[in-house]
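Everything on this sheet refers to the single structure shown next.
By letter and in written order, the chains are A, B and C; residue numbering begins at 1 in each of them.
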Amino acid sequence: MDAFTVRQGEFEGPLHLLLNLIEERKMLISDVSLSAVADSFLTYIKEKTAFPVGEASQFIVVAATLLLLKSRALLPVLSLSDDEEGDVHDLERRLQLLQIIRGAAKELWARSRMFIGGGVSITDPLFTPAPDLTQVALHDALVRVLTAVPMPHAHDEVEVQPVISLNEMIDRMVTRVQQALSLSFKEFAGGATDPREVVVGFLALLELVKQGFAHVDQDGHFNDIRIEYAGNTSVPKYD
Amino acid sequence: MQETPQCQNMIELASKIEAILLYAGGSMSLKEISALVSSSVAEVKAAAGELQTHLEASASGIRLINDTGELALATAPMHQELIDALRRSEIEGPLGKAGLETLSIILYRGPSTRADIEYIRGVNSQTTLRSLMMRGLISRAEKQGDRRSFVYSITTEVPAYLGVSSAHELPGFADVRAQMDAVLAAQPTEPA
Amino acid sequence: MQETPQCQNMIELASKIEAILLYAGGSMSLKEISALVSSSVAEVKAAAGELQTHLEASASGIRLINDTGELALATAPMHQELIDALRRSEIEGPLGKAGLETLSIILYRGPSTRADIEYIRGVNSQTTLRSLMMRGLISRAEKQGDRRSFVYSITTEVPAYLGVSSAHELPGFADVRAQMDAVLAAQPTEPA
């Protein structure tokens, strides 16, 4: 109650998470910092098992943009379409606005409050009905109000697996890596037509490396990435 | 008032009394106020006298009423005509959406707290409750065992005006009542 | 104030405004008051400024909220603890982070739709908006030309809640507004 903190039951979304990650690193909001925090962001989504109804998709949308950025940072061959550039700018803009608002909201915390008077007590009311005071009008007003009350679903969290599509892609990657034992990411990405597919492939690749299924080498900053199969055929799952 | 330390103390106390009474709206006893401000009844009484004198001497539109140990803020007598006009304007015209909604909740549900009404309506209802009280359609009483919490009830004139002997005779009573109970039962304990 | 006839007039008007606001409670617009006192809005505005200065300069426990054309009498910020003790039973806790954030967006961005707010927060804000409405801190109106969409605005309760007579007195208010405007103006793409 005394601190400006997130209250139990309050939900913080993907933008808050991103902003926290960027601010923790004392970075400015830019494509560079977004790309730098992409891994931490994805780890968070994978470790969180439940989101409030309808909120998981917001995380996935942001994750897709982060992956795009991260891939471009590592793969110069990848150029973003106008729509994708727009997504990146939009994300930066939303974060800038949230950063301003969060700072401003903190300043509004724990200020001395004033209380507006409620008026002088009425001691001598005079019964004054109005023409619209009828049985039907009262009934209709109440039904309208009751229909508009949202039924709370604060504890109604659904299990979601935002990595489902990721798992599918990893399956494909494993097959490809097994076949070739050694291939370059360019070759791998060459088969994809949609830049988003390249991105998801890249993410899947990072996952394989983390799980110890593949080794990745990159000789220089803009050189191609080499992938090598590490000798384990089982497929990692996140469920 | 001279600025001696004792005097400074009394000015502060007078300021507190003024704030308490503005917020309370109605009257409060010297004893209640003395408990709130942690001063003796004698000190509160002295500060109230000071406040009364000050308000009367200044051009303020507010007066302090001190009626046998009960204090309240009131409008200055010179503004009586203006306040009468204000009252007339407030009870003129239709009840409107807010008035009908609030009144129907109290009518179908029975005595209700402001918190329950506001939960159902989803909007602050302080002004609407006051206007319904002013029209004599509802009245408020202190909640049992809780001096500062109020319960709002329909006045006896309302069912008579609507031509029913009790709320149960209103259209759709059972259905609406059940729906309202369901809504209130689902109310989260701590609103976000 | 010097006691010129014109000044005398303004003192009387200030006194009337004080009485009206005490009696009615809540906030009233300059326009409503001007109709009641048969003076121009400009005259009421000037007298309100006078009243505000007077209350702040004196030891009074009352302050005038004077924000965006609305006036209200409120308890002075220094008495917050005292009033909290008085209202303990009807307590709603302080606003949480989500509430303050949403309130800040509407305060600094100006009147906003739910989509505008969720664009910045990235989370569903329906519950938070409802909670702010129940507290009387925001009000909503149908969006012009679109009856299914609402626009949320700050009420007069907000400066009171933040302990200032007007939101413009908040430290850094103009700065934050300018920062928001700069970002919002940078790209014309608005949320769908």
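As a working rule, contacts are C-beta pairs under 8 Å (C-beta built on N, C-alpha and C of every residue); 3 or more make two chains touch, one makes a residue touch a chain.
None of the values given here were measured: they were computed from a predicted structure.
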Chain occupying the most central position, where position means C-alpha average: C
Distance-maximising chain from chain A - centres being C-alpha averages: B
Averaged-CA centre spacing for the pair chain B and chain A, given as whole angstrom: 46
Chain centre separation (chain A, chain C; CA means) in Å: 34
Averaged-CA centre spacing for the pair chain C and chain B, given as whole angstrom: 21
Sequence positions of chain C contacting 2 or more other chains: 22-26, 73-76, 78, 83, 87, 93, 96, 98, 127, 130, 157
Of all residues in chain A, the ones touching two or more other chains: 7, 10, 115, 117-120, 152, 154
Residue ranges of chain C touching chain B (in the complex, touch as defined): 11-12, 14-20, 22-26, 36-37, 59-62, 73-76, 78-79, 82-83, 85-90, 92-93, 96, 98-99, 127-128, 130-131, 133-136, 139, 157
Residues of chain A defined as touching chain B within the complex: 7, 9-10, 115, 117-122, 125-139, 141-146, 148-149, 151-152, 154
Complex interface listing, chain B residues touching chain A: 22-23, 25-27, 72-75, 91, 93-97, 99-101, 103-105, 107-108, 119-122, 126, 130, 133-137, 139, 155, 157-158, 161-164, 170-172, 176, 179-180, 183, 186-188, 190, 192
Residues on chain A engaged by chain C in the complex (per definition of touch): 1, 4-7, 10-16, 52, 54-55, 58, 62, 86, 89-90, 93-94, 96-98, 100-105, 107-120, 150, 152, 154
